[in-house]
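Going by the order they are written in, the chains are A, B, C and D; count residues from 1 in each one.
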Amino acid sequence: MSAAYRVGNGPSGLAARFEPRAAWRRAYDAVRSETARRAAPLTAEDQAVQSMLDASPIKWHRAHTTWFFERFLLLPHAAAYEHFDPRFGYLFNSYYVAAGPRHARPRRGLITRPSVAEVGDYRAHVDAGVHKLISDARPERREVWLTLEIGLNHEQQHQELMLTDILHAFAQNPTAPTYDAGWRAPEARDNAGGFLTLAQGIHTVGHDREGFAFDNERPAHRVLVGPVRIARGLVRNREWLEFIRDGGYRKPSLWLSDGWASVEAEQWTAPGYWQECDGRWLTMTLGGLKPIDPDAPVCHISYYEADAFARWAGKHLPTEFEWEVAARSGELSDADGVVWQWTRSAYAPYPGFQAEAGALGEYNGKFMVNQMVLRGGSMATPAGHSRVSYRNFFYPSARWQFTGARLADYDG
Amino acid sequence: MSAAYRVGNGPSGLAARFEPRAAWRRAYDAVRSETARRAAPLTAEDQAVQSMLDASPIKWHRAHTTWFFERFLLLPHAAAYEHFDPRFGYLFNSYYVAAGPRHARPRRGLITRPSVAEVGDYRAHVDAGVHKLISDARPERREVWLTLEIGLNHEQQHQELMLTDILHAFAQNPTAPTYDAGWRAPEARDNAGGFLTLAQGIHTVGHDREGFAFDNERPAHRVLVGPVRIARGLVRNREWLEFIRDGGYRKPSLWLSDGWASVEAEQWTAPGYWQECDGRWLTMTLGGLKPIDPDAPVCHISYYEADAFARWAGKHLPTEFEWEVAARSGELSDADGVVWQWTRSAYAPYPGFQAEAGALGEYNGKFMVNQMVLRGGSMATPAGHSRVSYRNFFYPSARWQFTGARLADYDG
Amino acid sequence: MSAAYRVGNGPSGLAARFEPRAAWRRAYDAVRSETARRAAPLTAEDQAVQSMLDASPIKWHRAHTTWFFERFLLLPHAAAYEHFDPRFGYLFNSYYVAAGPRHARPRRGLITRPSVAEVGDYRAHVDAGVHKLISDARPERREVWLTLEIGLNHEQQHQELMLTDILHAFAQNPTAPTYDAGWRAPEARDNAGGFLTLAQGIHTVGHDREGFAFDNERPAHRVLVGPVRIARGLVRNREWLEFIRDGGYRKPSLWLSDGWASVEAEQWTAPGYWQECDGRWLTMTLGGLKPIDPDAPVCHISYYEADAFARWAGKHLPTEFEWEVAARSGELSDADGVVWQWTRSAYAPYPGFQAEAGALGEYNGKFMVNQMVLRGGSMATPAGHSRVSYRNFFYPSARWQFTGARLADYDG
Amino acid sequence: MSAAYRVGNGPSGLAARFEPRAAWRRAYDAVRSETARRAAPLTAEDQAVQSMLDASPIKWHRAHTTWFFERFLLLPHAAAYEHFDPRFGYLFNSYYVAAGPRHARPRRGLITRPSVAEVGDYRAHVDAGVHKLISDARPERREVWLTLEIGLNHEQQHQELMLTDILHAFAQNPTAPTYDAGWRAPEARDNAGGFLTLAQGIHTVGHDREGFAFDNERPAHRVLVGPVRIARGLVRNREWLEFIRDGGYRKPSLWLSDGWASVEAEQWTAPGYWQECDGRWLTMTLGGLKPIDPDAPVCHISYYEADAFARWAGKHLPTEFEWEVAARSGELSDADGVVWQWTRSAYAPYPGFQAEAGALGEYNGKFMVNQMVLRGGSMATPAGHSRVSYRNFFYPSARWQFTGARLADYDG
């Protein structure tokens, strides 16, 4: 099998070696149908709303991820592909300046048409085009397979956003709708006590193996890490309730200055979606309004809150490299699958960072200022999407993601 | 037949005298089904969007008008009526402080649930309740029939807003959706030339007859009007194009100071929804994007624009009383049915004005500052809703209504 | 004496007949020195601050009124006049679009130079120019004398603003500086009880006599007024305290909708500059922080508050014409000299209104929307400036002027 | 001599060993008189203005630095010290929450009183108190001498801000006032060509010697740096003009996403204070409006601009540790004394960072998010204030400081 053909971590395993086209097709269909599965419980109205500037309508996510394949894969590489609707390029480009003008982000919720059903048609049309390309493209057309793979990883990122964005929308509704009646808060692992000690040493971080990674994980490089101790487990609601009871949200001395400004401006008194009701704390979840489970990891906290909590606890947040080295050791509980974990590292390029060529170079690099790195993965992250070198990033005030904290200690 | 029974201009004519219950039922069903008719071309997504703070979702209009009957008619007067969903009082109260707390107006577009279908169920449930009340209520329960009548007039006002609000929403969509493919711009009447002269004299304005009127039309009272000349016809697009070509939107000397601030802030260069495309003016309409018809009356202008145009033309806008006296003479063309006509009168209470008792007293009186009176009626006004004493009112910057102008001349 | 020479109410009396030039010079010097007198207690820093967008620095008032004479009187009419500094036209033009581009209003407080002393030099330079023009201009050059007169009236308006603006600035200072240690709250007249009844009738309002008036007071015209009863006296603090105690600032039912929005946004709980301190109400005045005098007329109220108070009291505010007819009867107490009195009349042109020609036409006409008329005059109004037909106007939310209320009653 | 007595780098040299009190007194007087020297060219109005939220009035700087000594040195440590005016604590506390409530930062420009002269009295009063404390305090009262030293370093920081803030204020004035007629643009050194190569290696960064340093420079710690090449010289206007001519401000692909948002919102087309005039670039300086000197280092650029320029040049900005290691080698030209140099390092705590105890702990630590580190020192930095481990920090959009750039290269 051609080396060019086996790019990234798209289709993997033995099957991929012997039937690469079938493996790509399976990988593509799996990702695409997961998007459909996540949208299925939602009405047309649910899919059209944009509940804040940071969020996008579900319908838009479904169309935008489709446009991504159309614009970057089919139009350049599938000669016979017929453009579904040229106006969609304007409507569903997110932020790729090199891909032309686009509908203003804050106005995505105004697009009542194309309808949910028409977006479904768009998805089917592009799926057919991609299927055909997978069947026809020559193995050595490396850019086809690379773009296909990045498109799948891109769509997985939007799958996570679909859940965070609909949760935000539902949380604005006084009737607290339920996305998934069977939803349960993730439990923290039992063995998550104590700290893992890292002596000072030089480690390699970043992605240097075969398999897919985003450009921001590269190049792998050496860093000096430690000494530091990293908590094996995540911060839990029980501890957070203690922080609240101890006046954590009322003591400016615990907060970064910009954080305290957010506390005052947004009148934060608890994590996002928490509300006090007759002396009991409830939280809005994908399963509707639920009582806080003290044993569950805290979720929907901003970086500012994570930092203030750490200060209150006499600890710190780890750097992203401390996190990565600890995670590579295999000794962290709930490193992924529960909540993304804020690190104290600002999102910045690795030494020697090279953005992807062309419009896809806008994917990561241009956001490398003012945001903080989160590591791990959450309950909303699609299976297989994240990895130990994965760098998620949000502004330090963001709370609508599934974000939590893991502490570090430098003091011995 | 009891006088108490024959309130207002709800059901009218001979039938009403002999079968008042049936007449009320017919009036009720006619208004309610007109709302359904206006919503029918719209998808669920169309009905959920709120495209600006001044507009509301169609679904909200449908539910709010229903809540009005439930809250002010059924709950107080229909003992056996079963509340459809108590949470709807919070969701669908507009601004009646006396009717309890309510969902913030700018957040109406976030309510994806109840769905369009559930709002339909709500409407049917309340319809059944009202039908039963019409059958059962005793003729002398004057408040029942008065509230029923105000509820019908209220719903008609929202019927007009449904069209203005969906037009605004569609105008935000780069694909320019069509509400009604058969829509045509209203033609101005042919005989609309010249001016009608009013000598100075004392006239009675306002509503003093039998039949329904809002509290803001009362009491009828005497005013000194004239001398003035009122244009028989409406300002047309042909003249407006001349105003544009003559730099009307670029000469601050033509504008009120606040108006010029709007021109600069909003970058107005033409009436609302107009766009220049390859040297040709188009406008967004209920029938989609259409070329400007020079003979049609100008529409979607703010008070500021109407005033600037009048100054440019060496004329003025009439006062609301000049308009009313002229309209009562029967010599105005297109007094209603085409566009609401801005007057130079600020919206203010008539001498001796008494707001309705209770929560319904918030209907009109509390808006009597900062807004300008419009008279007449538009192509979107339901048949039979307006009358010669009718006072519509909007902020002087508003352009999303079907608003136009009729000139006056004081100088000879 | 030439009729052309005796324009307006500038210099008046016998002297003016026989020595018109000397009379004009005296009038000019009197007005100009009053400006200096009002600025005298202020430091350079006091004169430079702009404490809100609606206010201007004292230094700016001093320079702007001077620029007015330079720009509209000297440059067009005094051939030999030497421009003091051409850059001042940009800095000190207020809003005269026809007089060229100008420094943005919100940035007036940034102009630390020219200094207070340089502005003094500017004033002296222009004074010399005007003195020379008064000596030299031929009596029949009617526009010279008219412009001189409007310039004096213009400067008097700014004299009032100097006091309202510095009071606002001092009120922002936690140390509550004193402008005039000898300042006393004006006392209401003792005989100010009861109501004056006006039967319905046609009256002439507006300015139709010899003597100066602004264009907005013209033309005099006939209006139908009454029946109405007008309070002889002003609303006093004693009554306002009762309104506060009765929850006046907490009951939305008393307020216009836009007014209630201001109450909530600005968190109004009392008139402007009032503060509660250990259970006692104090107010910031030109004499510093003082206890509220219950017998003094209420001051620093917005139109919204005046309207809400009137509703609470079961009364209304009078229209501007009711006020004028009552004031012409001579039976109102404190018609002027204490506080401007909000009327329920929106500021609008009189029928047949003609703005002044040229740039001075921007003086009044372009503000005729969104503002409410106040009548009378205040403790800060220069002697001889106001008159019975005088129309002052401010936005309904304004509180930094010396504004109060007089009630009316339509109900018998 | 007691070790306790010889803290920090306040007074230094032989004299300090033998006459420590005299040395402290000389150091104190030197710093305090430098503040007076910097304020001397300014009028009272110049000293009162606050030209934007980020800037403070000169008078405020003079009072705030004085309050710092009063609040943290005299009140706790000088028993007989008489409080000058207790209200000043409210007016002149900047952001020390632990030191009590304070006047809101955006309102500093409203404080016309105390006057410039009264602030002078305040300074003299506190100077007398500090002089007495220097004479009386026992050598072993370590906290006295530490606080004195931090107060002097604090005042030096404000000395730099006095120049940046008055330059900003003067730049708002269309008459472009001059602060110092003798001001000249700093020249870049001649030998500043080429790059210095750093091989990969572990270096110690941060402050670990005797002598004063802020808490944010500690603890010194080991970092892995390189391989990297650092430019010996600063970016110059000549290169920046080329960047402009090449469309640097018009190509979104060169910019971070947040940076491009600033370009669009602020309409940046050149560095701060630059203006194009008849095809020639001028810039506002402390010496008034001057032509751009192509050989001078570029100044008044934001981090966003520095980053975009580096990308355009095919280079990067160095990290703060790369900068520090290179600067310690002595091979950088203009490392300080010209412009602060943006690094690509977000401002964050060093591992093991401990904020100062008490209110002074708010000095640095609470700002460690959302800001970028600048290294070096500028033409406005007081002599002796900066050092190789010094960490300055500003938001990435800030342009009113004397900020420039030095490039790095990872690729060669």
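Convention: a residue touches a chain if its C-beta (ideal position, glycine included) is under 8 Å from a C-beta of that chain, and two chains touch if they have at least 3 such contacts.
Nothing here was measured: the structure is a model prediction, and the numbers come from that model.
Participant: Spelling it out: a chain qualifies if it touches chain A and also touches chain B; which chains qualify?
Facilitator: Of all the chains present, none is in contact with both chain A and chain B.
Participant: Just how far, in Å, is the C-alpha centre of chain D from the one of chain A?
Facilitator: Chain centres of chain A and chain D, defined by C-alpha means, are spaced 38 Å apart.
Participant: From the mean C-alpha coordinate of chain A to that of chain C, what's the distance rounded to whole Å?
Facilitator: Centres of chain A and chain C (C-alpha means) sit 60 Å apart.
Participant: Could you tell me the distance, in whole angstrom, between the mean C-alpha positions of chain C and chain D?
Facilitator: Once rounded, the distance between the two centres reads 47 Å.
Participant: If I count partner chains per residue in chain A, which residues reach a count of at least 2?
Facilitator: none
Participant: I'd like to see which chains touch which, written out pair by pair.
Facilitator: So the chains that touch one another pair up as A-B, A-D, B-C, C-D.
Participant: Which chain B residues qualify as touching chain A in the complex?
Facilitator: It comes out as residues 43-49, 51, 59, 87, 90-91, 103, 107, 109-116, 169-170, 172-175, 177.
Participant: Help me check something: in the complex, which residues belonging to chain B touch chain C?
Facilitator: 95, 97-98, 200, 202, 222-224, 228, 252-253, 255-260, 303-304, 307, 316, 344-346, 348-349, 351-352, 362, 366-370, 372, 396, 410-411
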